[in-house]
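There are two complexes below, and they share chain A, which is joined by chain B in the first and by chain C in the second.
Showing the complex of A and B:
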């Protein structure tokens, strides 16, 4: 049986007008943060979004959360357009989809105790009677490996690793069906990182939670997620099963990302040359052509589309051969 | 919204009591203020005379066993008038600041949260209020409203709306862009609860500190207006009024102006000490480890 579709993105675009300041400011150009993203998420999927800074990972997630409107294209949650949910559906969306901020400390009101921060979504959606609140908060803290005494603390009294785990606990408090996380393990202690990753993995495997995980760490992506989408300059360049893609990248950018990732016992091979170009004035043709070691004339003239190739999608005129 | 769980005593102590107690000068100011408050509260019981009872036979007397601090030109007992005057000064001071704070914070919140044309309009009104010095604005309003204690409170409150509105707006703009506000909205917290639980608690402490410091300005303005004859109506026991009455007799009976003047000066110093202490204890920009 087909699993239920949770999110459908149909050619989503997001453009920002630049330099429009004041009433008489003139627009100095448009920045295309996302350009024709097509994505489908089914219940129980775990998707990693990878790419360099500025590739549009965060923008994509913010659009899926409804925090920013799509300039063009449609975002469907279930069967409904995200921009046109009625109040009841919007409330359901708020409960079913949880977001874990990259800036975990900033995402918590510094004037509330951890207990109140965790209880807020529970009270809001009336998930537990008031009498069970203390127990539930302790349970959530235990779930992320924090002692129950933490409930009495304020966010600024917790360390970076602790506050991230509280952020995850808050996401779980709403008993969501979809969790989106932005760099939730970056900069964490290795042991804490493993603990958090295992927790998220267990949630996906046992809880049937749909996970969207932004990361620039391909190791984390391959451990946690079954599917991976590689973004470059606002467009998905390669998408498919994590194992297949990281085992045999077909887009030169994916390969470049993997080579830039240090490995034990191997020298750091030539990583990606140059910087990610400015998304304000995109070059004609393939947007990766300028940095691509395989670029040919055709690449500089026509923009490749994301095409289905052997169980995955690749946007490249001359995809790399699958090494047998 | 059931916002039940009360803050445990230990957390309350840690966040409010300890930082204040650490401010030595603030504690001194608080002690002096407490004396004034007790005096004002107990005025009906510890006053020796009716504050408005005139006894022309006993006019212009120096301090004696009968009249502890002497009498004025109408023979009114200065000690009793001082106590009732403290009551009036404190009530007007706190009431006008409270009223100005509530209105100003409401305007600032609306401007900061709604934005756009509403913000522009509200801030231009605020600019208009801020263009006048407090005393001039209060004088103009007293001229329109007429004399009286209540009108004095309104006039002073009006002159405080501007600073509170502007301060609240700038803090709201800063807090509004914090991720925790967006996170709360994302969780589906209703707008009113976002304002009440997430915006207000994060802007309120500098405003309260500012409020504490404004009380002394309010009392000074109130006395000034009464001194100029556009404040409370005589023979209400009011310090400004008492100083004005004693002015003509300053060489013969300096205590008539001196007693309320000294009382006013000490109260203002105490209030400023408390205000500075509050600021040092809670304003993050001056907070030290």
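Showing the complex of A and C:
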């Protein structure tokens, strides 16, 4: 049986006008943060959005959360256009789709105790009567592996790993169907990172939660998610099942990211030269051509489209060969 | 690298029985290390292990009255622990270079990049304003900053994170230091830029025939860039030796535990180390890792194991197998 579609993105584009140089000056151009993004997310999927800073990962998630509108294209949640939800549907959407912010500590009111931080979404959506609140908070804390005494603490009394767990517990408090997480393990020590990753993985596997995970770390993406979408300058350059992509990357950017990933027993290599260019006034042709070791003339002239091949989608004129 | 010559050369940096106290808490506890000329050493461990503290103590940035130092830190045979501040200033930025984790915070936002690179050149090498400027252009070229003459007049905020880190490297290496300390030089950068910056640091360090100490939390990166690795836990060095061997066949349970937490491409199962690093004011009596160690016995909880030499490395554990 086909699983239910949760999100459908049809050629989503997001541009920002940069304003004018002075009062009467010329426009300084447009920043294209996302361009022609097509994505489908089904119930129970786990999708990692991977790319360097400036690739548009966070913008994409903000659009999927309805925090900002798409400049062009459509975002469907189920069958409905996200921009046209009525207030009641909008509130239901807010309950069903939870977001875990990158800066977990900054996303919490420092004057509230953990108990109140976790109770807030429950009260807002009237999910439990007040009498059951203490029990529910303890249950949520237990779910993320924290002792019930934590409920009485303030956010600044918690360590980095604990605060991430509270952020996950708060996302779970609304009993969501989809969780979106922005770099939720970045900057954690490896042992704490492993704990948080295992927790998120259990939630997806046992809780049937659909996960969208932003990360710049391919290792984390492969551990957590069954599908990967690699973004470069606002465009998906390769997407498909994690195993297929990491086993045989076809886009040179994906391969570059993989090679730059530190590995035991392999020498240090920096396969990609230069930095991600500014997304203002993009050149024609493939956006990656300037850094691509495989670039040819055709790449600088026409922009490749995302096309189905070898069990995934790739946007490249000269995709890498599949190894035997 | 010619290992034979490294082994016989006089040590550049010798840390022996070095402790650093804040109040009653031992932030560093009887640390011992030797770094020879041309060697790269990685300090690896979780936050709170004391990696950065050790690096900052070496460069003499932890000298407030409330910090208690004991044991010895010798740089070229010169004792650093009681060194006069005036003498230390002649070492810092000159014979010992430093790269901080956060270049945005470390660079002065009010001065141009060119002025900041020129500063150590003028101060330590006594170059004229014009010569320092010319040398700054050369340094910027050597760290791969495009159009250096143009960037000389740029302020730090006008550069990307990767470019700012390159500027920091240029400053740290301006006076051809014998020792470079790099505190998490790439943890704020993308992996692609991380690889570029690490390659650059290694290339420059080798070109100058300097030694380097890297503070890292990424084990795999440590294996790639360091000749030797010292694994730290709660202010102590628990295992130290050639990086390839330490990480391929860890002997200390903590090193083993850390390694099984590392996410690699295609990792199947991560096994986190249970528990947390104990707080500094409540360190266990014996081995500091005992409360989290799967192999801990009574002796571990009673007495601290002394570092033992095993297969060319130092391991502090009662039960090395």
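Here are a few things to note about the model shown:
One rule holds in what follows: the second predicted complex is superposed on the first by the 316 of 324 C-alpha atoms of A that agree within 3 Å, B and C clash if a C-alpha of one lies under 4 Å from a C-alpha of the other, contacts with A are read in each partner's own complex, and residues count from 1 in each chain.
One rule holds in what follows: contacts are C-beta pairs under 8 Å (C-beta built on N, C-alpha and C of every residue); 3 or more make two chains touch, one makes a residue touch a chain.
Since this is a predicted model, take the numbers as computed values, not measurements.
Set against each other, chain B and chain C differ in how many residues of chain A they touch, and the higher count belongs to C. When the shared chain is aligned, chain C comes close enough to touch A:195, but chain B does not. By the touch criterion defined above, A:246 reaches chain C but does not reach chain B. Of the two partner chains, chain B is the only one touched by A:174; chain C is not.
By the touch criterion defined above, A:48 lies against neither chain B nor chain C after alignment on the C-alpha atoms of chain A. Contacts of A:212 after superposition on the shared chain: neither chain B nor chain C is touched. After overlaying the two complexes on the shared chain, residue contacts for A:258 are found with chain C alone; chain B is out of touch.
Look at A:106: by the touch rule set out above, it reaches chain B but stays clear of chain C. Chain contact summary for the complex, chain A toward chain B: residues 65, 67, 90-91, 93-95, 98-99, 101, 103, 106-113, 115-116, 119-121, 123-125, 130, 133, 152, 174. Taken in their complex, chain C has these residues touching chain A: 46-47, 160-163, 187, 190-196, 198-199, 202, 217-221, 223-225, 244, 247-248, 257-258, 261-267, 270-273, 276.
Within the complex, the chain B residues that touch chain A are 1-2, 4-5, 7-8, 11, 178-180, 182-184, 186-189, 197-198, 201-202. Chain A makes touch with chain C in their complex at residues 52-53, 159-161, 187, 189-195, 197-198, 216-220, 222-223, 246, 256-273, 275.
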